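Take a look at the structures listed below.
Shared between the two complexes below is chain A, which has chain B as its partner in the first and chain C in the second.
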Partner chain A sequence: MTDHHNDGSVVRHRHRHEGPRKHVIAFIFSIVLTAIAFATVAAGGVNTAFTVILLLVMAVLQVLVQLGYWMHLKDKGHMIPIVFMAGGFFVAGLCIIAALYWMWW
Partner chain B sequence: MSTLHAQKATNTLPHEPEKATLEGRNKILGFWLFLAGEAVLFGTLFATFLTLRNQVADGPSASELFSLPITAVATLILLVSSLTSVFSIQAMHRGNVKSLLTWLTVTVLLGFGFLCLEIYEFYEYVTHYGYGMTTSAFSSSFYTLVGFHGAHVIFGICWISIIIGQVAKKGLTVVTAPKVYVSAMYWHFVDVVWVFVFTVVYLLGKVVG
Partner chain C sequence: MAHAHSVKRHKGLMDWLTTVDHKKIAILYLVAGGFFFGIGGIEALLIRVQLWKPMSTFVTAQQFNELITMHGTTMIFLGVMPIIFAIMNAVIPLQIGARDVAFPFLNSLGFWTFLFGGLLLNLSWFMGGAPDGGWTAYAPLSSTTYSTTHGVDFYTIGLQIAGLGTLIGGINFLATIITMRAPGMSFMRMPMFTWTTFVTSAMILFAFPAITVGLVLLSFDRILGANFFNVELGGNPVLWQHIFWIFGHPEVYILILPAFGIISEVVSTFSRKRLFGYSSMVFATILIAFLGFMVWAHHMFTTGMGPVANALFAIATMLIAVPTGIKIFNWLFTMWGGQITFNTANLFAAGFIPTFVMGGVTGVMLGAAPADYQFHDTYFVVAHFHYVIVGGLVLGLFSGLHYWWPKMFGRVLNETLGKIEFWTFIIGFHLTFFLQHFLGLIGMQRRVYTYLPNQGFDMMNVLSTIGAFLMGVGVIIFLINIAITARKPSGVENDPWGDGRTLEWAIPSPPPEYNFKQLPLVRGLDAYWKEKMAGNTEMTPAEPVGPIHMPSPTIIPFVMSVGLFIAGLGFMFTTEDFGNSALNFIFNNYIVVILGLGITFGSMIVHSINDDEGWHIEPEEIDGKGVEA
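Entry: the complex of A and B
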């Protein structure tokens, strides 16, 4: 952050800012994961337990791609946000498990 | 503040204007904490939904109700809007205000399209199936969860629209840049929540019914 290069636009373009390419790849990856999920359900006839696991894996993968690439969590200097989000998801998961356990077992 | 606003000419901006000031960096850090809290909020709503999803009373069940094509189109719209939101941040990093405003506008319009689909979907459920908020425990938890996500979309549309106006008026500065960045984070998070909504509510609803 000390290195600002305030002296002109030419310098700015040389910075580490990636082009749209990486984000378009993340987008295509998300579309493919979504398509697999929808196609599996639309086709039907697949083993239910397998479908449930497949759907959840597709969702988690897609969320990781979006958090990592689009929200930059995989970039340097994001340790604290990762801890925040991991904590949030952990408590969210705990709520779901606790509610289901409380009602149905 | 006046010295910051004097920095209007975009070619004098640092290359990551949203993180150039301590205030900007703190805003982003604080927003992550907010998003973590939002994750917990949606976690409780998902917990309620998953607990009550089979309690359909005399109303229709999930697999009778949901239509995959509408959900697929809504998902595609929201996913594309997340990408256009990324493009707006990249335009901001290039210091291209015009492109930034264009991509933000596209994002808002796509969000509005998503919202229209959701309103249409709810309208169909209420008019054709008589499936209201009080039909069953399943319907209450469904409308609360999906409606809460829809409310986030409405809020995002209003918020980003205001930011478009502010950037158009004040230009891209180290004061306005963090606002753009934080609103983009919010929009991505809304998309992240939707990934779980379409998976857990709609797709799993069709599969395990």
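Entry: the complex of A and C
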């Protein structure tokens, strides 16, 4: 695998396989997260406000696992995608604040 | 690498319809953008003819509304943005030492969707009336209650299709600049125009989704009977204003940042000096883009957001003057002590600086929320945004076109005609719009088709109209200049200005289709200038001569855009009663929409199945042509 560096040099990396271990863990983790969410709702009888908050927390964790492991954002050399995704979240967040705050509250 | 595919080479019209070469797409963008710029200009002149005397009946109120709407929409979306894309396409791959953009197929698709979106929008003139809700299409003016023709449908669908092209173009330039810079070109060695293109593309990526959503909501309101902006049924017209300006304000920076880049290149080249404060220029560009997303509500001070919101947006707006000021001073310091050549390109750049400062100052005045209650919807606002868009962007585009014309076409534009064109245009511009500040301050309202006599408006309106025609003369001289230049033989030297600093001047004018025989090694900012100062006549290559991989020409982007055009036209008339059963049947049952989308998705499937590996130019062919890179 060759990499063009910005100073013009070409560096050869040894392609080191991490093996599937981390991906298996991530896969199990995301299934567990989904299962907890489903189980909480299916069990019933749980306080609604608590359920909503729990589901939101599960959802955020799920997004982080998906982005980090499956979209490779945890790996090196993904700074530009991270910057652009953060920018997207920022702009989308602004729109939501505007819609909610200045129009309906 | 050894598999040299034979490629079908098209000639004539077919060559232009199928090209994926960024240099040819640049010319397509320039021609189409120039065409729409001309239409927008004619609309502007008709507006000025109507306003040259009080109580004029040259056009009706309805026609006036259509003219102002189409003038604004055409100029911004179909005139200047494509010309910006023309210059970006012509210059960016050359400036970063690349052989094409990252996605040549998408580049072609972006152009054709823009063209067919623009044609659809302008078709409205012949199909029952143009949109009449202003270029901002504020609800409820744009609702079916107040705009009964299909005009606004042409606006929503046409802009949707054209906007697709812009979004595609923006993503393409982001990918190109991130991944395809020549060896050695770090981010902080990129030429300033590449930087501003990069930041502009990022802004397109974040801003255009907002208008996409807004246009979908508006077309659903109008065509499918939704109520997003209908107060009676729980909608909110201010929602449209938020969505429009969340896009709209970044959009004006999308327009002006490339002009900043062009001016930076031109001023530096013709002062024979390195750009003063390069890193602060980069910082200022990014800061302007960042702040540009946080000021949209300054277009809405009078909607009653309350003093806290107004104060916040007023302060954020005024903050933008700081990075913009950094840029102005950097250009002045670049010129200071330089060996300045005032040719046409540099005249336009030098004219840009004070003109843009005037637009910036009135921008800060408008940003002061209490004062804005007075300025709002007067000609003061019209004067302000024409100072930044015409006095800023259009002067920048003229500068860039004169500067890069030899690189695009291999011919230098005539200097004498260029200077006449500059003086006619800039004097006409200031005559037209400087007076409009005062017209606004003494109370003349914008978007009203006429005015009463003896309010002190009469004389200034006459002068304003004369100025508008002077600008028209300036543009015609530019066209004559192009026609005369086109008759001269092509093929000027690599660096016709003699002072080129960046990579595009290291290769032939116009460049061969693969741009660089060998990718250049970049050893610093202003890479070509650095080599010249080291006594070299050409760039140091970063790779041996080898076969060059080229993308194949394809008609698919064109066909896809035709499909979208048909689907858009069909969608608009789904609830129309044509008084003709056959037409009613095919339109009201979505048959036209399905046909159009079928063409588009069918082309996508064909493109996906067809595994096109492109073709190669072999080293022998390159040497045979005797082209040195």
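Note that the second predicted complex is superposed on the first by the 79 of 105 C-alpha atoms of A that agree within 3 Å, B and C clash if a C-alpha of one lies under 4 Å from a C-alpha of the other, contacts with A are read in each partner's own complex, and residues count from 1 in each chain.
In this text, a residue touches a chain if its C-beta (ideal position, glycine included) is under 8 Å from a C-beta of that chain, and two chains touch if they have at least 3 such contacts.
Just so it is clear, the model here is predicted, and its values are computed rather than measured.
When the shared chain is aligned, chain B comes close enough to touch A:Val24, but chain C does not. By the touch criterion defined above, A:Val91 lies against chain B and chain C together after alignment on the C-alpha atoms of chain A. Within the superposed three-chain model, A:Met103 lies in touch with chain B and with chain C [touch as defined at top]. Comparing chain B with chain C, the partner in contact with more residues of chain A is B. Once chain A of one complex is fitted onto chain A of the other, the partner contacts of A:Leu56 are limited to chain B, with no touch recorded for chain C.
Of the two partner chains, chain B is the only one that A:Ala42 touches; chain C does not reach it.
Of the two partner chains placed around the shared chain by superposition, neither chain B nor chain C is touched by A:Val32. Across the two superposed structures, the residue set of chain A contacted by chain B and also by chain C is 4, 6, 8, 80, 84, 87-88, 91, 94-95, 98-99, 102-104.
Of all residues in chain C, those touching chain A in their complex are 174, 178, 181, 183-187, 202, 205-207, 210, 236, 238-239, 242-243, 246, 293-294, 296-297, 305-306, 309, 521-522, 542. Contact residues of chain B toward chain A in the complex are 10-15, 19-20, 29, 32-33, 35-40, 42-44, 46-48, 50-51, 68, 71-72, 75-76, 79-80, 82-83, 85-87, 90, 93-95, 185, 188-189, 191-192, 195-196, 198-200, 203-204, 206-208. By the touch criterion stated above, chain A contacts chain C in their complex at residues 4, 6-8, 10, 80, 84, 87-88, 90-91, 94-95, 98-99, 102-104. Only residues 1, 4-6, 8-9, 12-13, 15, 17, 19-20, 23-24, 27, 30-31, 34, 37-38, 41-42, 48, 51-52, 55-56, 58-59, 62-63, 66-67, 70-71, 80-81, 84-85, 87-89, 91-96, 98-100, 102-104 of chain A touch chain B when the two sit together in their complex.
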